[in-house]
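Each of the next two complexes has chain A plus one other chain: chain B in the first, chain C in the second.
Coming up: the complex of A and B.
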């Protein structure tokens, strides 16, 4: 009996796996085709794709400076990590005859994308296992069984790989592919409870783009409580109900339940957290030593911090991008500048605590929301950041099946991503528009992201804060 | 207390704005009808809402100085014209000799005419330096002559360009006259002391089309290519090398320099042409401002020409208008109605003066329609269009004399007047401190002295497309509600209910991909040698249909269909809502790229998008209303089919004479050789939306 039922399931699974892999290969082929496309796409110079932090051209410049024994940060060209220079720098110089210029670099980014997708897939599997076990413990087994859809991990991986934003960021040679990889490494490591891996991912991600530093809260929660589960309240209710039902039952059953409850409630376990923190310390000192060696001849680590983290925090480059900061800080008076810098960066920090309190039983989701938040409020956003959170959305496909405004959001993203290059063209190339045209799409994009966040965590207070900060910005500008 | 609670629970307080949204969505039928009709009315009101132009930039000061062009310059110009038309030596050498006699720096620019190339995203990417096509014989070499006067008061960072296209093989009388006018101004400018910007006089070789000559020179000026081995090689095969001969020229010992000469950034450019035939009425001046993709030069440039033409030189300034509309009865009636309405309004309150006379209305409407049509085509109306690609404001001034240039008695007078106009315009531009930026870039002309600005003409468009999101939202709400009711039984189905639209979105995406494929097909068809437009068009149509069928099978195959379910009840509604949203996004995008295209396109595609409803449902209803709707749908579906729409638009704006199917192909070909965004709009937005609407009409629900 059991074998009979198993074989079709197996077959189905096999077919699904085949299907999955063919889609993955398809996405890789698509990327290669676009890489070989003639140069008139010119994606790597689009402001939507490459920011001062992620542009490959700046990286090549930094490498060139380093090769001619100057500091790679001379002349405010390069603002990334020295480790990226050692990894990608030689590849920017190497040319293969008859091939596109940055072929090797693009191959690295394609590989990074695929690895990211695989890690998302693995993380999704871990999450799903945790989810079904927690469902079982509440007693809703049947819910987990009849979910006949594609596993959320596979779905998320495909969503990440086929997202046009990811493809554009990968083909546009933006280093955000590697930043995204590191963030996903963190998430996977935390889900799989591999402290060294998670620590490595977190340290590298923070080192590369600073903002993932806030992920330390969800990662600690993940190590402390384990992956996402329904609120602890639910377990308690469930056990109470069962106690009521089996009031006449024997005592041993009740004791069992109590034990079970204790296990499910699993109080914060400190051991893996301490392990994680230890590893994080180890990795960060290692990274610092490596960087120190690399920039030794040129005024050392201080300059590195100044022109990476300092550059991110003080928003020195005001060239247009899809964020709202450049326009604002181009307008603001110099003597207000530091005040508004604090206000704008404080915005992210303000959001961290309420979210952590509200979502502490679902650390993975919390991490996801943090990623959305930071990609919204970061100083140099690009489509690569949106690619990550749109891909991760697939991980929570089952929870978000009732998402409101999904159609509106979809149309909005399509509309804004088409409108933005057109507005840029109108402003820069035709000269008939001006900066406000492009900034209008940036505002639209920001509003969309607020709405996106709203539909994720229908928390009216949070949305109110976000909208208020956005509108205060607009008011200030007028 | 308890009662209060229950009341608040029953009626959750809804904010007024949300309530307004719900109201709009629930009455989407009436709202959309109202919006659409008011959009059309607003469009018809545009000639009344046009403002008078005014010179916005203070620095221009047109006509503040007296003209310095004298009869002496004109007689020199006359001599030049005679030499040009009667001399034996090649005409470009004559031009160069005369230029260097005026102490101008002379350069020759050799170029190959560019073959038609397909850059589908040209309007979107930066202007790339063109690819020089190989194996062109030496005989097809064109030679532009450019003379540069260095400004005595300038720093050589800015320049004004005069362009006179002419055909060196056969210099016509009109062309000679335009060269004469330019020469007279040029000879004056070489002596004046007030010049602060360099003046470039480009004599463009128009034997392969004036546009390609001007654009080749501009490309060399703005974005030189550094692999010119081919051109250098080809010089050997040309026996009369102009540059080396110029070096031996006694006139130009200090000005002989073989390379390409430049002045500063261009402030503005004027293309001067003279009509070959006289118009028998009066001397008039036609202004052609439209560049590629509906881009216009700054309105101030037109204002100066208009001001100087009217107030100083007494030319009659004209802008192109549609003569077919002038005689149309309905427009005259409409003008009469608006006039009487204006009179009534004035009788109520003398302060209100929005009425204009009927003839004025008709003239304005005809000009506006022409302006919109030529902007909407996205094809430049003259060689000035090449300048706009480099953000230089340029217009073509076509002077049409009273008598034909061959038998003109008052030629000196004509040259004097034309020259004074050009001199005034150049003097005005010379005063500019910055680039043209004060006045409008986005406008439609309703006469040479009236314009409709972007803030006004966006209103009709916004009203036309406003129903789209409202109807899409109401359909989406209905569709999700109906699926919620129908599939509550099975829990699995419920799980996707808010993502139900994904299925329709996939279909819409595939159809839009098909649109992209169809718009790429002519690129391959163009490679077929010796084919007539009609056969090309037929092949194109067949291939398109074939690719649609292939896509249809791929779409229907089990790979794509996750759960092969029978067509559901609300399926067409969700499909329609997604279609409408894509149409909305496409139209809004197009309105930013090229407003006029979006406006005309919205008039064609919005009605069918709003009305589309399966014919089967209407047939089942068996009421007069349903029948009427079905016929309307069929008629609208027929009208919106791109070739039919093309013939209709062409019939409305031009004349119907001698239309055949090949015309459509020719039109399409002209669109993509001019890199018009209209082509992409038709292929990627209009055609797929039409196809989806037809799909909805014949939906088996």
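Coming up: the complex of A and C.
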């Protein structure tokens, strides 16, 4: 590695970093400006932003109920974690003269966003380091040096901060900002192989919203194998080529190469995994004890689980949101309700294993795909969830630069985010439309996400087939 | 040898079961007979007007008059459930918009500044009435629409409208029958939702409505007997309809002389009804009520004069039972730390915090949990403890990360 080829790369990195901090500060200032608009532009009442799980008004109601010595889950208003109530509850009540309401809560969410972005940046750096070291180990030195790989971590962090979805979710006071923070803490902890941090993030993310539980698989893979690396086949090919190049045909030489290959291969190490599981157990018992103490006066942990996890799993609230379940469950007969609940939740569960088998050598990417999956198919999706995966896309931007239909997807996202409030207005406020108008945008959004998911992990032919099948399905439904 | 041991085991198990059953029945007996020892906690009023249409103005005025009286004598809005089947104040035929009178001198506007109607219009139906009394609501029903009484509450239930032999008509389309009412009261008694209940009915043949009651602690008075009608008092020529019923008129006449501190007895109220003036016989039923009516002040039901005990700590509501059934628990681990906080306390049937119910199966876990809880209660409140716990999570995390890196 000569220093001559290194310095231009370093300079490029440094140039990006200078602009990087100004962009970060710029995004914080933008958020603060929007917060000072009257009543947060009513963003916190939009169904796309605040769902029954993430709404700040429900949190304030839960806090008030707790202060009146009642269970915070009474009356089916609040469905989040008691720890959030302890953290954000007092802040919703504090009012400062002359400042907008909920200013302190907004500041907490802005800080959460910034910390998330920093952690994404750090995780990206770790990923890049691992990638370049694995490239070097198979001899592709030139690839890791003179290509202008932009620092994907910085890029992803800025993408996350400046994504309009993230800004809207932050200003709209949706608690998904904190959920996203915990998910990113998990990812960073797993990439950096810090078992307590990853365990903390995973436990908190699962506690706040149930779906990050599926991230345990990529996290275990990350601890076992290490961050993303090219597939083992590539390793074997490379070493075989080298063996052929040597052209000696010596048996012992070949055996040496094979031994080397085995060392280079990512061996699954169990020790970090066991450490991670131990820390996860510790943190989860800590969280459970805290929650138990908080709700012990009223009805205990059972009610808490029924109101949080039970609410997520049984989809009791059918108010419209950007997902598709509300429409469906409004018309399903009670007799079939549990069947369809199992089907819809199984939709996520059944996709876990095949994806894990396919992508087990790229656990970070697997985690990203799982996040896309859960944001798509969760019971109460909001734009805060999509903000996370759109931001994390930046981490894999280099590998995904050949993604098909990127322009189509981009314009699709823009279109849906513009149409959806319009349809909602037509339906609810003017009364000239009906639920089908709003549901059409929700279904379009879901199809868009499915397309996005498929273009991430499959080849172009498969995506074409999927597109055709989607169109035919839509025609059939209409 | 082993067979004998097994037999002995079986016998000892059976003996234990029998002992358990005896103990349970004992505690059941204790719990049912403990109603005399429960302390009077608060007063509730459920005031129901069941008829709609303009010509039933007087029923609305009856209910609103009782509402005003009950509020004047001290029961706050949060303990009154007011059910009005129709809107007279803002009715298109009301010459005096937003005003409801119960006398032709128009001295009192019953629909004044703070009238809180909990159930209005078509929400007043038999189903909701029974849901209110038994407390079996959907999840999303707000607290203001629930009867949140506990086992020490005195409840006044006032119903007015059109009735007949063993029924009361709701909304001109359905009826509440006397055995329905008796069943509801029995459910309420089973679920310990009242200590004493006064049912006051002002309809035709009113006393037939409570003929099927058989729960203890219930007192009932109706404006007329079987075969008799209850009549309106007078017609207001200005408003155009009768504005008050006779029974309620004379009840109000009795109460208007009282203020919050008077201790006129119930027997004086019941004896004040003159059959000649009422043009019907006001019949009351006191066979289910243990106390003597001369000793019971009217504010026992119609007002809310209670002894207040000052306490510095936050109020921990006594009845946190979500499902309402009487939980017969064997007092395993009494959490002693709660003792000094609970001032309004029963001696016999402790309502053990239901938190312990799930841990009772696991003795070891239960003991550990109790020690944690007792330690927590040394703090001012559990909330600050959880706050500290949450705050200490961050330094713990930092330390653990630093140690493991």
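One rule holds for everything that comes next: the second predicted complex is superposed on the first by the 429 of 478 C-alpha atoms of A that agree within 3 Å, B and C clash if a C-alpha of one lies under 4 Å from a C-alpha of the other, contacts with A are read in each partner's own complex, and residues count from 1 in each chain.
The rule is simple: a residue touches a chain if its C-beta (ideal position, glycine included) is under 8 Å from a C-beta of that chain, and two chains touch if they have at least 3 such contacts.
What you are looking at is a predicted structure, and each value in this text was computed from that prediction instead of being measured.
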First (chain B), second (chain C), both or neither: which does A:414 touch?
first
Given the touch rule stated above, what does A:440 touch, chain B (first), chain C (second), both, or neither?
neither
So, A:430: does it touch chain B (first), chain C (second), both, or neither?
first
For A:403 in the superposed arrangement: first (chain B), second (chain C), both or neither?
first
Per the contact definition in the header, classify A:83: touching chain B only (first), chain C only (second), both, or neither.
second
Looking at A:194 after the superposition, I want to know if it touches chain B, chain C, both of them or none. Which is it: first, second, both, neither?
second
For A:422, is the partner it touches chain B (first), chain C (second), both, or none of the two (neither)?
first
Which superposed partner A:294 touches (first chain B, second chain C, both, neither)
second
Do any residues of chain A touch both chain B and chain C, and if so, which are they?
none
In the complex of these two chains, what residues of chain B are touching chain A?
119, 121, 123-128, 295, 388, 391, 441-442, 473, 476, 491-492, 495-499, 501, 505, 577-578, 581-582, 585, 588-589, 592-593
For the chain C and chain A complex, residues of the former touching the latter:
139-143, 314-317, 320, 322, 353-355, 357-358, 369, 372-373, 376, 382-383, 385-387, 389-390, 393, 397, 400-401, 404-405
Can you tell me which positions in chain A touch chain C when the two form their complex?
66, 69-71, 74-76, 82-83, 86-87, 194-197, 200, 275, 279, 286, 289-290, 292-294, 296-303, 316
For the complex, give me every residue of chain A touching chain B.
40, 42, 146-149, 398, 401-404, 406-408, 410-411, 414-415, 418-419, 421-423, 425-426, 429-432
